[in-house]
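A, B, C, D, E and F are the chain letters, set down in written order, and residue numbers restart from 1 in every chain.
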Amino acid sequence: MTVPNLKNYSTLSVSIEENIAHIQLCRPQELNSMNLAFWAEIPEAVRYIDEHALARVIVISSQGKHFSAGMDLSVFENMGASFKGEPARRAEKFRRHVMQLQDTFNALEEARMPVLAAIQGGAIGGAVDMISACDSRYCTQDAFFCIKETEIGMTADVGTLQRLPHIMPHGLVRELAYTGRNMMSKEAQSCGFVNHVYPDQETMLLEVFKLAKTIAAHSPMAVAGCKEMINYTRDNTVANSLNYMATWQSGMFQMPDVMEAMSAGQQKREAAFENLQPKSDKL
Amino acid sequence: MTVPNLKNYSTLSVSIEENIAHIQLCRPQELNSMNLAFWAEIPEAVRYIDEHALARVIVISSQGKHFSAGMDLSVFENMGASFKGEPARRAEKFRRHVMQLQDTFNALEEARMPVLAAIQGGAIGGAVDMISACDSRYCTQDAFFCIKETEIGMTADVGTLQRLPHIMPHGLVRELAYTGRNMMSKEAQSCGFVNHVYPDQETMLLEVFKLAKTIAAHSPMAVAGCKEMINYTRDNTVANSLNYMATWQSGMFQMPDVMEAMSAGQQKREAAFENLQPKSDKL
Amino acid sequence: MTVPNLKNYSTLSVSIEENIAHIQLCRPQELNSMNLAFWAEIPEAVRYIDEHALARVIVISSQGKHFSAGMDLSVFENMGASFKGEPARRAEKFRRHVMQLQDTFNALEEARMPVLAAIQGGAIGGAVDMISACDSRYCTQDAFFCIKETEIGMTADVGTLQRLPHIMPHGLVRELAYTGRNMMSKEAQSCGFVNHVYPDQETMLLEVFKLAKTIAAHSPMAVAGCKEMINYTRDNTVANSLNYMATWQSGMFQMPDVMEAMSAGQQKREAAFENLQPKSDKL
Amino acid sequence: MTVPNLKNYSTLSVSIEENIAHIQLCRPQELNSMNLAFWAEIPEAVRYIDEHALARVIVISSQGKHFSAGMDLSVFENMGASFKGEPARRAEKFRRHVMQLQDTFNALEEARMPVLAAIQGGAIGGAVDMISACDSRYCTQDAFFCIKETEIGMTADVGTLQRLPHIMPHGLVRELAYTGRNMMSKEAQSCGFVNHVYPDQETMLLEVFKLAKTIAAHSPMAVAGCKEMINYTRDNTVANSLNYMATWQSGMFQMPDVMEAMSAGQQKREAAFENLQPKSDKL
Amino acid sequence: MTVPNLKNYSTLSVSIEENIAHIQLCRPQELNSMNLAFWAEIPEAVRYIDEHALARVIVISSQGKHFSAGMDLSVFENMGASFKGEPARRAEKFRRHVMQLQDTFNALEEARMPVLAAIQGGAIGGAVDMISACDSRYCTQDAFFCIKETEIGMTADVGTLQRLPHIMPHGLVRELAYTGRNMMSKEAQSCGFVNHVYPDQETMLLEVFKLAKTIAAHSPMAVAGCKEMINYTRDNTVANSLNYMATWQSGMFQMPDVMEAMSAGQQKREAAFENLQPKSDKL
Amino acid sequence: MTVPNLKNYSTLSVSIEENIAHIQLCRPQELNSMNLAFWAEIPEAVRYIDEHALARVIVISSQGKHFSAGMDLSVFENMGASFKGEPARRAEKFRRHVMQLQDTFNALEEARMPVLAAIQGGAIGGAVDMISACDSRYCTQDAFFCIKETEIGMTADVGTLQRLPHIMPHGLVRELAYTGRNMMSKEAQSCGFVNHVYPDQETMLLEVFKLAKTIAAHSPMAVAGCKEMINYTRDNTVANSLNYMATWQSGMFQMPDVMEAMSAGQQKREAAFENLQPKSDKL
């Protein structure tokens, strides 16, 4: 089922089935490079799904040989062209431009449901920023990862340097950032950056969707609570995070989901949980 | 030597020899599930040992095929039964209940001496919360770990989500939390969650007690300083932690232990250090 | 080329070629133990290089069979001798002494260019404090690492306990700190502490200098930005770090380096970037 | 001049003259109570002005005898009506509702230009949340302030308890919050909550606009920098804030505004600074 | 009504009427100096009241001419006598002693209900530590406050230096701490340390009990929420605190208290709210 | 007594008597403007006094009609002249220049002894940055304070915006920063920025030296502990600060100063405390 009320995107193909949303980068000829449309569409798609609670888990994958070549040259050219005017105001504008790009991938982290990235071939530059903001990463044997920005004379600024140190050893992050070298799939797994390596994309998608199915079968409130807590604890002390957890539970722990899970268990059937509340249902 | 003034516990068997306390979960028939008595006894035992400086290191292990099945059903039933009354006050009470459970395992972290967990078979739900609060983890080949709570419709709330991200890669923590799948011993070691995997429980206990002996042979002040600093640095900036370290040393670095260590070294004998001060010796 | 205006050091041999500074510990007969001169010279050398922007990357290695035996006994004796006087003032003085030692290795972290450590044989006590403050670590097969301080009756206080938990799993840090046991090269790699293990020192230096060359070929502004950001994010929330990144770019992202990188790419030649500004060029 | 492209608001009257935006609460008959339209319009108006850089300072005032009676009853009724469904999902939804209300006033804090509040008569409940998020507060002699929420059985949740402790002594904040009593203008000034008390609204507006004119005559980049820094320092250490300041200046300190200010000073004329960049001018 | 199950205290006289607990320091002949019994009794009394939800507000006052002369000499003598043994262990023990004293006054901050201090005459040394941990302070004209510790050769270590900077201007805190001079009631009010000055103790108690009555008439859940939030925001960023507020409300905002407050308002009667849940009602 | 080993300064006159150092800005003809020499000399003088423990308190005052006109024009001209070269490197250099200026006043905060500022006439621009970093401020009736930077087209960047919000109400800080208006002595006192206003400079110096004498008569360890704690608590949570306090006391609380204070009290004589340890006495 393609969700009818998802608008048509030029850089993404989005489908939702059985509570799993599948967002595919769909410009394989251009190596799924991140053009202006992409930067607008990816957060819009993710936020739309979250807003309307259309899925309980999101899988991001990509068509073609490579996951994504990162920033499209046209964006750099645009940036170059608008790099003018009184220098203080230009600096302030550039700061906001970077923040706007960063916000794009914050959407992945802020979505209430987990976002899984399934990567084949190259994930270059901006693509590393993007998958670093996903919950978990999976890849094919031929996958490789590259903090390309250093090589083109700039510091990666869309999240890679802020998120990688939380998901792989610092010593390796630094080497990758300073040298701009490729990290191959095997190293990516052994350092904990990806959870699993699969022989090819087909197998990978099959397996990642199995994980997604397991997640989607659980109470979406329970899963959303996990995501909120893991996000929170990354940026707070353990004591503060424990207090937050307990305070969260004062509202979010309720009997219906636990009862449903338990009777489903006893009756050896799939539990049937309500979806999350659409956010669109505002005050 | 069983310590005479340790009271008798119904869920734990506690013995102390040569400065090593051994706390065993002793309800193997019930899979060492965590019943109300357990939640009261484990912090009481640990705090008693710390309070009276009865040991320099604590080993927690378990009897039977499985380490622990996690929360006992009776606790859930209790919780369900007391889940009533005016909803705001019930929420506030539930928040305190969660905090009370959390505090149980904080005791492991706050004890001045290291706490080592030796795990065989399943460590499920609350058991993961518990061992995440230990200093280091060791397991047998047949061990497996499971964030069970998601499967039963709730968010794990006793420390797992707050502590795991500090002791294994985030991408894996998220997968384990969202799917509730088992993590086997091999994966647990390669991701850094356990330090070592042993073929069976007997070998494991032998080796863990060797480590414990090494620790117990060191100055307990030096070891307690290490624990305090590693705990502290997890929740503070490096600059703040360095300052704390130096300030700590202004009182805690003194000559006697260094001298004893050095002459013992020269004389090729075991160093003989004073124990920690009992906390019971209050103002 | 030996840099002429680097003063002569008694514990270090420093040379700079093609934007790579090589600092060698040069007291192999004394196992490169850290005597009073060393504690003064290592920060002085690093700061001098940074101050004058003499290099784009620093490699620290060591002569002889072992990287370094850690604190020289003479320093302890000095410390012991000056451990007297009114106890409060002595405590305050000792606190400052520890801070002074810590500051020594902060210099490695604060240098604008990456610092790579290449370790053979033993890295003991203070040597672990030092390499923990480097950006990345590389070692030979025969290398081993030891938090010796615990064994001599004191808590390691020059940075090991503050920095290790950011660069290897906590459970392992704790075991190493409490037991004072050796960690061999293989374990050091699998836990992420070192990036790579080489068969011997010659191979290691060859390969580490290849990495250094790659780094030195990049825009030193881009690389310095990476280092600043990875340092910053370790001690700040992701949200705060993203904001810092964007604010940094408002000044530090400029066209010349990007243009040079791009035309060099198109012209298939090495890019030629300006060095960092000497800090000595003060207001 | 009424700005033509500001849409018409039902609860606000907005005009912009000489770089000063004046937002007036314009439902005096309903005591400027905060109905659903208000909660949508106030952030929209402020963000629109900021987005398009339509002003260099914003003054918020109110028509009629009282500044604002706070939350409109209709909002509570709405809230009550939507307070249903599965309790965990309802709780999650309520949490988001509160965040949505909070975000409304975050807009005042996040606007790049200062926001001055000019208050007459009563500022009750939600009105205190609102003015606490303004940069500075001014009032008439007959003004009074009341944390009304306590009296109606709930904890104020839209920012009052988070921001007041930064702008008046804690001991007084607590008394006001616990008792729900009125604070009169004189006390509000002596405790630092308002900067100045004026005999009547006419005088107040005259004087506040004088201040606004002074602000609008300055470089809007210099003023925006001040606001960003004061906001930042509230939530960060002094050391971190100093570093942020210096990093900000690397891009935002440029010669043109300083030169213009200096030659205007020498030529005894008003300096003519460029406006801030519209945010609408996106990448 | 004297609460029967409050045990008899030697340093305190405790009574509870109409949801207001009154704790009086009752050793006027000894100037209510803080002896060993006092340090044990004050937290015990406060925690007992909180534990059992015996009151909705606590007033602390004192009998005799002076509020309290601070630390009793006997405690110092005790401390001196126990200041011996191996110096590192003695230092560790002294650290815990200070923490134990600090914890005494943390009890005031952690109680769910507000604690008001009503001070006459001198509040010296430890008394300043104590009232700094109260929610609000009120005093008589003849009251004065003194950070005595400096004068007796030590740094105040029971909370004064940690809490005063949050409740009066830093420049004044520093002067008081460095000089140890008396701050008179008038200055205490103008700097925001006390909320109000009354001509004599009788009037003060009358007025403070009026405030207490107002507080006790409100929903204790609403008031406890205020206290939790103001405590929390002192130690967290505004963004984090707003999120905490919203999360708290997801459980603690419920209709019954709001409905009761509203119908009581309409019916012009006192609202009748349930008390807080006793904490003793544990899991 | 002029201290012989203090080098001669061109912008400062420094004398030390009875443990009180007096640093006077001594270029009254140039309104004590802050030229390049000043920025080097003020931290050097303060650090020299601290380094060698030459005093127990420092008073900063100024000669002539005005305290200081702030940044000397020559510094701006220098800055303008060096504002060139590749823009990224220039930005990085400018960032360091700002940090270098900031560090100048950090010296006041970091000195172990209190620093009191005694201000007459105008304290403009950089002078506000400077006195904000002092422990306490005192002024004459004719004193006024001005955040001049806004008026000259730039954001104040040497500490004013980071420190003022900790020492006066935020609403007022913002008004002063945005408008650049003068704050007169009376307002400065009522908002808590200065501790006391005196009719003229002579009286002020007399009274400030009385305070200084009181401070100098106390144990310098006790006073230094107060300063460290108040500095620390500004940037840390109360819980963290209490822990720091207790840890500090483990080393710094010792009997000799307390005993001396007590016997001096009993014998009605001045207590005679040892000075702080010179820092120069390094490891």
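The rule is simple: a residue touches a chain if its C-beta (ideal position, glycine included) is under 8 Å from a C-beta of that chain, and two chains touch if they have at least 3 such contacts.
Quantities reported herein were computed from a predicted structural model and do not represent experimental measurements.
Enquirer: Any chance you could name the chains that touch chain A and chain D both?
Expert: Correct list: C, E.
Enquirer: Regarding the chain E and chain F pair, does the interface count as same (over half of residue numbers shared) or different (under half shared)?
Expert: different
Enquirer: Name the pair in B-C, B-F or A-D that forms the same interface as C-D; by residue number, over half of the contact pairs must coincide.
Expert: Most of the C-D contacts reappear at B-F.
Enquirer: What rotation angle takes the CA atoms of chain B onto those of chain C? Round to the nearest 5 degrees.
Expert: To map chain B onto chain C, rotate by about 120 degrees.
Enquirer: How big is the gap, in whole Å, between where the Cα atoms of chain A centre and where those of chain F centre?
Expert: Each chain reduced to its C-alpha mean, chain A and chain F end up 49 Å apart.
Enquirer: Hey, how far is the Cα centre of chain A from the one of chain C, in Å?
Expert: Result: the chain centres lie 34 Å from each other.
Enquirer: Indicate the whole-number Å distance between the mean C-alpha point of chain C and the mean C-alpha point of chain F.
Expert: Chain centroid spacing, chain C to chain F, equals 35 Å.
Enquirer: Would you please write down the residue numbers of chain F that are in contact with two or more other chains?
Expert: Only 91-92, 94-96, 166, 168, 190-192, 221, 234, 236, 239, 247-253, 257 qualify.
Enquirer: If each chain is a node and each touching pair an edge, is that a line, ring, star, complete or other?
Expert: Chain contacts: none of line, ring, star or complete; other.
Enquirer: All pairs of touching chains?
Expert: In this structure, the chains touch in these pairs: A-B, A-C, A-D, A-E, B-C, B-E, B-F, C-D, C-F, D-E, D-F, E-F.
Enquirer: Along chain F, where are the residues that touch chain B in the complex?
Expert: For this pair, the touching residues of chain F are 236, 240, 244, 247-252.
Enquirer: Using the touch definition from the top, list the residues of chain B that touch chain C in their complex.
Expert: 57, 114, 135-137, 166-168, 190-195, 211, 214-215, 218-219, 221-223, 225-227, 229-230, 233-234, 237-239, 241-243, 245-253, 255, 257-262, 265, 271, 273
Enquirer: Tell me, which parts of chain F touch chain C in their complex?
Expert: 36, 39, 75, 78-79, 82, 85-97, 100-101, 221, 224, 251-254, 256-257, 274, 276-277, 279, 281-283
Enquirer: Give every residue of chain A touching chain C within the complex, in rising order.
Expert: Counting only chain A, the residues touching chain C are 76, 80, 83, 91-92, 94-96, 98-99, 102, 106, 149-157, 159, 161-163, 165-166, 168-175, 177-181, 190-192, 234-236.
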